[in-house]
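One structure coming up, written as structure tokens, with questions to follow.
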Amino acid sequence: MSDSGDVFEIHLRWGDMDALGHINNVQIARLFEQARVECFNRWFGNARRGIHLLVARQEIEYVSILHYSTDPVRIVCSISAVGRSSFEFGYELLDPKGTVCALAETTVVIMTAEGKPAPIPDEVRTILADHRGGPVPFRRRRGATD
Amino acid sequence: MSDSGDVFEIHLRWGDMDALGHINNVQIARLFEQARVECFNRWFGNARRGIHLLVARQEIEYVSILHYSTDPVRIVCSISAVGRSSFEFGYELLDPKGTVCALAETTVVIMTAEGKPAPIPDEVRTILADHRGGPVPFRRRRGATD
Amino acid sequence: MSDSGDVFEIHLRWGDMDALGHINNVQIARLFEQARVECFNRWFGNARRGIHLLVARQEIEYVSILHYSTDPVRIVCSISAVGRSSFEFGYELLDPKGTVCALAETTVVIMTAEGKPAPIPDEVRTILADHRGGPVPFRRRRGATD
Amino acid sequence: MSDSGDVFEIHLRWGDMDALGHINNVQIARLFEQARVECFNRWFGNARRGIHLLVARQEIEYVSILHYSTDPVRIVCSISAVGRSSFEFGYELLDPKGTVCALAETTVVIMTAEGKPAPIPDEVRTILADHRGGPVPFRRRRGATD
């Protein structure tokens, strides 16, 4: 997956660390949020006008501890699935040395102004198709504890 | 699931809201983190001495928008699965009116001091069994966009 | 100052700690923000309709390290000065044992809808007068390093 | 002050905004923290070994609303005062257009390993002298509401 997809450099903050001395799990969700916001801005620009997006689900796999660094992490973003009114946004977070530290997938639902799910507009569907990548290479899955 | 499980009242902060004017998705992960920390303190107490826990995966389903309120949310916690060296911690977040706003499941791995996965100690396994609940009632699942 | 003033119990979060293992300085500003928001809600209620408040200055003295606890901190709030279009909001943060950990003062400016400073409306001035306390007992001051 | 001093580019995050739709006051303290951490790393490097620094006071003047942008802000840092066991660290935050949005000053105390204030070591004092700037150009001051 890291071979394809749009790459965003996201800067860590010292304050992203928690009492364990490494980047906090919740702050990793913050880094993914930032990559998603920047990615949507890049992809949709004007096409996003009047379209409301809702985060309906998010799954993060924490693969390797992320240490604070003044060098930015890289987050690789692509579309991992497209449905009728929702799509899956996949990401891979690599530390400055290139180690995959976290994987994530976010289910994004297209909403009407009234707050109901709406079919993905053709203009958006085309953009999503242009950025289609493979499935997020999760190793773990729900309920399959070992 | 909300019928059983330990309940934690978690207070929202005005600063948990984002520019959309409701509680931010990432901050909802922060609320789940707080419930998990308080729950582990309650359950494990001394039994936790020398045991290292690692968050390996987390999935959150955002069911309903959570609005800021000075009344606390309630987070109901229970164990949704137990494996050899890991377990699944399930939660349900209800707003002050009792509406389910988010569901979550966290895969927690037992680690040795050297950072390797270790079998769940018997003492911990007994505690987990005492707090066993049903599966988290997710409606969405990975890659199954509609 | 802790003898008078409105008291707010604010709950800490495990995630408020930083890599030094105690409540982060910036998160202490977050706790003060939360007390201020709750205090304004209590004092102003309807009187606040149409009034815009702007934080123009904030000073925090960190007196004693604040440790994480599941018991809430107490923040005592009162008005430390009133001017023509602005007022000073003073606070004292005490940990669960009653130790003063931080003092703060926030300059709040009354703004018109157009974003210009406006005289404090009489209705607001009366409320501020009702909650007038002494000066914040800062021990340090700007430029007076020892 | 912005003429002299070390400059750090700090990246904003979408999540730094609050419900008012601009960068939250507390998050501005987070940006200053990040600049200070990066600045101390640059200035002190090895000289910092064994030296404990404590933030004892911080004052921020919010001059102009800071809007979210993918372009970084610039924070200009210098030393505004030096005492026996503490010094004042001054900053100026400029948005991507060059508008001064916030000024800040932090009182930093040198601590022994036992947690007592200690005289500033000569090696540190020399570094501070090398980065000496003018006073932070605050327009407001404590208790002087208008």
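The chains carry the letters A, B, C and D, assigned in the order they are written, with residues numbered from 1 in each.
What we mean here is this: a residue touches a chain if its C-beta (ideal position, glycine included) is under 8 Å from a C-beta of that chain, and two chains touch if they have at least 3 such contacts.
Owing to the predicted nature of the structure, the values given are computational and were not obtained by experimental measurement.
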Shared interface numbering between chain D and chain C [over half = same, under half = different]: same
Chain located farthest away, centre of chain A as origin (C-alpha): C
Between chain A and chain D, centroid-to-centroid distance (C-alpha), Å: 32
Inter-centroid spacing, chain B versus chain A (mean Cα positions, whole Å): 21
Chain centre separation in whole Å, for chain D relative to chain B (CA means): 37
In chain B, residues with contacts to at least two other chains: 14-15, 26, 30, 33
Residues of chain B touching chain A in the complex: 25-26, 29-30, 33, 54-62, 80-88, 105, 107, 135, 138, 140-143, 145-146
Sites on chain A touched by chain C in the complex: 14-15, 17-19, 21, 24, 26, 68
Footprint of chain A on chain D - complex, ascending: 10-11, 13-15, 30, 33-34, 37-38, 41, 70
